[in-house]
């Protein structure tokens, strides 16, 4: 069930049977020569949509721009400053809590969002902790590739060159959902270098075409489908466990 | 051309021929008994996508949660505080400007966003004005229903009960794109009351089911298609005129 | 009745008979070769003072610096960033609400303030809406020239060249109140150009002496008096209607 | 010379002969049973206006609402939070500096503003200091009663019961300028108690009618005139010395 | 009793007998050729530690970086912007208040902190004042050299050249506690100049080696001990008086 | 070398031979029945001080209050909100960078600080990335227990019950430096439970005396010394490697 494709009375009904919601969250940032700029937002959106359709779990619209300052040397990247991202997350959380949601599951597609997400959770809990009141809701985040079983599936499909940015797996997930966007690009070198980075200038000097450790030319819609189905089932199980906890 | 479905070298190429981009911006808020919570984000997204596909104009991901505090008494509504929205818009603008975009066209689907958008534009221009430097970019916003010719089309299709919130027109636009989400609900009263509002409590007391002045039961995918096609063509003309201006 | 010229026991008494207050709000910005930099603050202040004296309606001190970034290429202009203006308005509103005011009428003299004012109203309502509580106060803004009957009066007096910035009407209003500040300047061209603007550099390049569409050399204290009297009576009627509503 | 009663070409001319400006700054807060709520803003405004008229020194519009949280238990008081006040002062300073002002003299009427003013000065200097650049402007504040010779004049006129809030001197200054606002109220006790305070509740419990240590029933327009004239002359000398320094 | 060297049950016990706490607050900034960069944080920390050990008064960890923008031209100086400092102080205060502390005594070692401290106190009281609730706690600040009797002691020990920055007294206090950090440097001139300052560039141009009016070569551990003992006893008396007040 | 115990000319000299600095960062929060409230700040401070003394590496004052909202149900805990912590870290970083530091190594003692630290790093890099300039400095954080070899040492000393909050290791480190603060408390249960937490109320309900998974009664000064020496040597190696990198 997609919140943005439901009418409000449907949400009112949903809240009678569940206090949980999944919020896909990602980033709009370069993903190498053949990966979509929307990859990190699209992956959790695609998986969550399938999970919502299959299970009736409610899925919010996607928080589609995150923390991507280090990718700004590649055209098309859009970033929030962490302080802005923390503020925006407060507003999303406060809105959902106002309707009675008590379990908010941020389903994340971008490693660079994790610090801001975790900081936002502390920012949200802090007023309750400072007031000596029990906070009535629980916030949780999970990266789609960290769902039980998913990384194993990815490594089986891409034993070499899955990498850590513009991974073969994430590109495959988007190709499955948007087959018209498949791009055939020769990778050079075949597998991108590994390493660390700081700001955007440093990143581009270190990773010339944007990839880290990956050969995303291996991605196909069919491989993406396998990953999506595995992640979909795992998300349904994880979200239901979270929504049921302490209730 | 959708930014989030392009790879960064495609954006690099695009910038050689145009410095303009369309950013759909909307809201996630109740739209009456049969309207989608995502209506105000989906309408500009749908129209801009068709315009981008038909013309090659670049379309950014949708800024999908806006200023909707007055709708919070209806489940599913998500709001940004105006101060948060202004901060987030700065980050989107700064990111796009960094890549060389000089004409940013916010294509808006929610009247309640206008003050925050306009305030954000002044906030963005202010540092240039305070430094006595010429700002290298131009910001513009336009509501989809204010595009030349669109309102006339809407009024021809819905001569009675188009209304001002949860309008027949906007519901039709979303039904065209998401025919599986069509909801058949009897409206009572057939045409909703008109009026003003302040906070969420006041809004719900005044407009019991969320509509203002509308009978959205008239909406169909077919009617939506007529509106989308008219808006698509008008947007292409308007955006191209804006992108070309002063260049 | 002017708040700043009353002692606190007088305000305590006033609150026993009315919960309404008028807050003049304007800007300090260039108004062409013969218009005062304070024009946009002085106009609502002048009209509100006369209305307060004639009717007993309470008038707050003037919020005298607003959003004027686009005028900064002309010496003397002072601006608030919109984010600062929104924050300052929260503090004014919170202070007045704390005393029991329930109807706050911002009487505006500057079109450029409208987005920040409307955004500030949403910012003020948002915590109530997010908490599911009814907000106990109502905020309203009105431009002095939009009061019933006023624009008609202005157009009768200045059928040609009233314009849209540094208007003959607004300059006349200030000349009525400050006849010692009348400045005789030949306008060149007689009627200034019309157009749009973005930042301060763009504004000055487009409007060389600061005027938009106006010939303020027509302004005289006598013409200003006619406008002030019309606006005064209209403000009294409007404010009383607002203060009485829902009470 | 009043900035808000000048046209921009007059400010352009002024800047050719001086880089200095006086900004009256005060507060809107209770001043006891017979003192005006605007006292702290009106006093520096009145003195600065006379100084500007007599000397040609440029005087800005008055920053008329300051830090007055401790007076909020008395109706009519309006406060800025210190953080808001610091932000607003940055915008005023940045605007004036952009025009070329290099000496900004905040002429203060409220002791409670001093911390926020001094903090705002450090906030304004900090970016220059952090960038290792010389700041091109100097900020200064002075309370009107601290001008050379003024306190002596006040004490001669009011040897007993001048006090420290709602002082006989400050009430007299406003009575001089606004004789129609003179209020005859019997003070009980004749001289108010002295003491410290924290928040608004504490203040009102300690100082029942708002005065601290004063008997403002002694104030008359005539006494106010003596003070204003002394302060006017002292301000002219002080401001000119400041404007000339290091130039 | 040092909070950071206690376990939480010890603080729980302490709160049964006292609601008061001393918070040393200082700065990390240049203190001339032989003074420690930590001087302004170390002085109140040293004195408060001795007072806490001698009396059982609870002492918090030291707020060790304050407002020092004007010293940034000297290597090693670290500053908070005043707006950051005010925000940080709110969090410290809110945390302590949450545990039941009702008297928070900021024991200050840096004159430049005073405006930010006072502004932070108003910021903390403002929400209570705006809500018409009595604030349950009292905030107080005192500079260590303003404790009764301390300045007299300093002037007796250093009748000449104690100065106002990098004073002989404060350097002596740190030498007493950290005798291994004593630095023997010839001062040139022997007594530094007096004067005012604005930003960091201006400060360094005016005070070439960082001192103002002082000859800190006079400082010795033995002289520091005399000052510390005097200040310790005075602080115990002052803090106990404050903690007991209104309880 | 301790920055706060050096004079500014010593820092000026240091910068001629190194651009690196270690900043200990921790938290002031409950550490169970026998652990010090300052544990998380003291551990990195103690280790860094020994490393600085042994190697000449420069060590800044300790950032001693961090993100500890979840511990606020235990008296004595002090927290910064993440947004405040990010702002404060910007100021520390900006100050150090202004002096020429190019490698800033945050040596961390509190897991709960990591999201705010990482978010602060992105916040600091973002303006450079948005401006298309290479950031001239590199920020790094490392938890003391993650230094090469340290965890192995801890597990050898405490094969059972080292735990994850109020660990035997960290308590031992503080006991080594502050033997007078050793507290003998019987733990009940001997080893505390494991688990997750959200806000302060939830934390205290889950972990009754504050410990997670630990038996800190095993801590002694002697064991602490072994850990400190191992960590000291590892920190020197790590910091030198970082300071030398890319230089």
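Order of writing sets the labels: A, B, C, D, E and F. Residues in every chain begin at 1.
The working rule: a contact is a pair of C-beta atoms (placed from the backbone, for glycine too) under 8 Å apart; a residue touches a chain by one contact, two chains touch by 3 or more.
Predicted model only: the values in this text are computed from it and were never measured.
In summary, the chains found to touch both subunit A and subunit C are B, E.
Common neighbours of subunit B and subunit E, by the contact definition above: A, C, D, F.
Where the sister copies subunit B and subunit C meet, the same residue numbers recur on both sides for over half of the interface positions. Chain centre most remote from that of subunit B: E (centre = mean of CA atoms). Between A-E and D-E, more C-beta contact pairs join the chains of D-E. If each chain is reduced to the centroid of its CA atoms, subunit E and subunit F end up 24 Å from each other.
Subunit B and subunit D have CA centres that are 47 Å apart. Residues of subunit A in contact with two or more other chains: 72, 79, 81, 83, 87, 95, 98, 129-130, 132. Shown here, the protein chains touch in an arrangement that is not a line, ring, star or fully connected set. Working note: touching chain pairs come out as A-B, A-C, A-E, A-F, B-C, B-D, B-F, C-D, C-E, D-E, D-F, E-F. Within the complex formed with subunit D, the subunit B residues making contact are 129-132. Subunit D meets subunit E in the complex at residues 67, 69-70, 72-73, 79, 81-83, 86-87, 112, 114-123, 125-126, 128-130, 132-135, 138-139, 198-202. Put simply, subunit B touches subunit F in their complex at residues 94-95, 98. Residue ranges on subunit A touching subunit B, taken from their complex, read 2-12, 15, 28, 30-38, 41-42, 60-62, 64-65, 72, 74-81, 83-84, 87-88, 90-92, 95-96, 98-100, 178, 181, 183, 185, 210.
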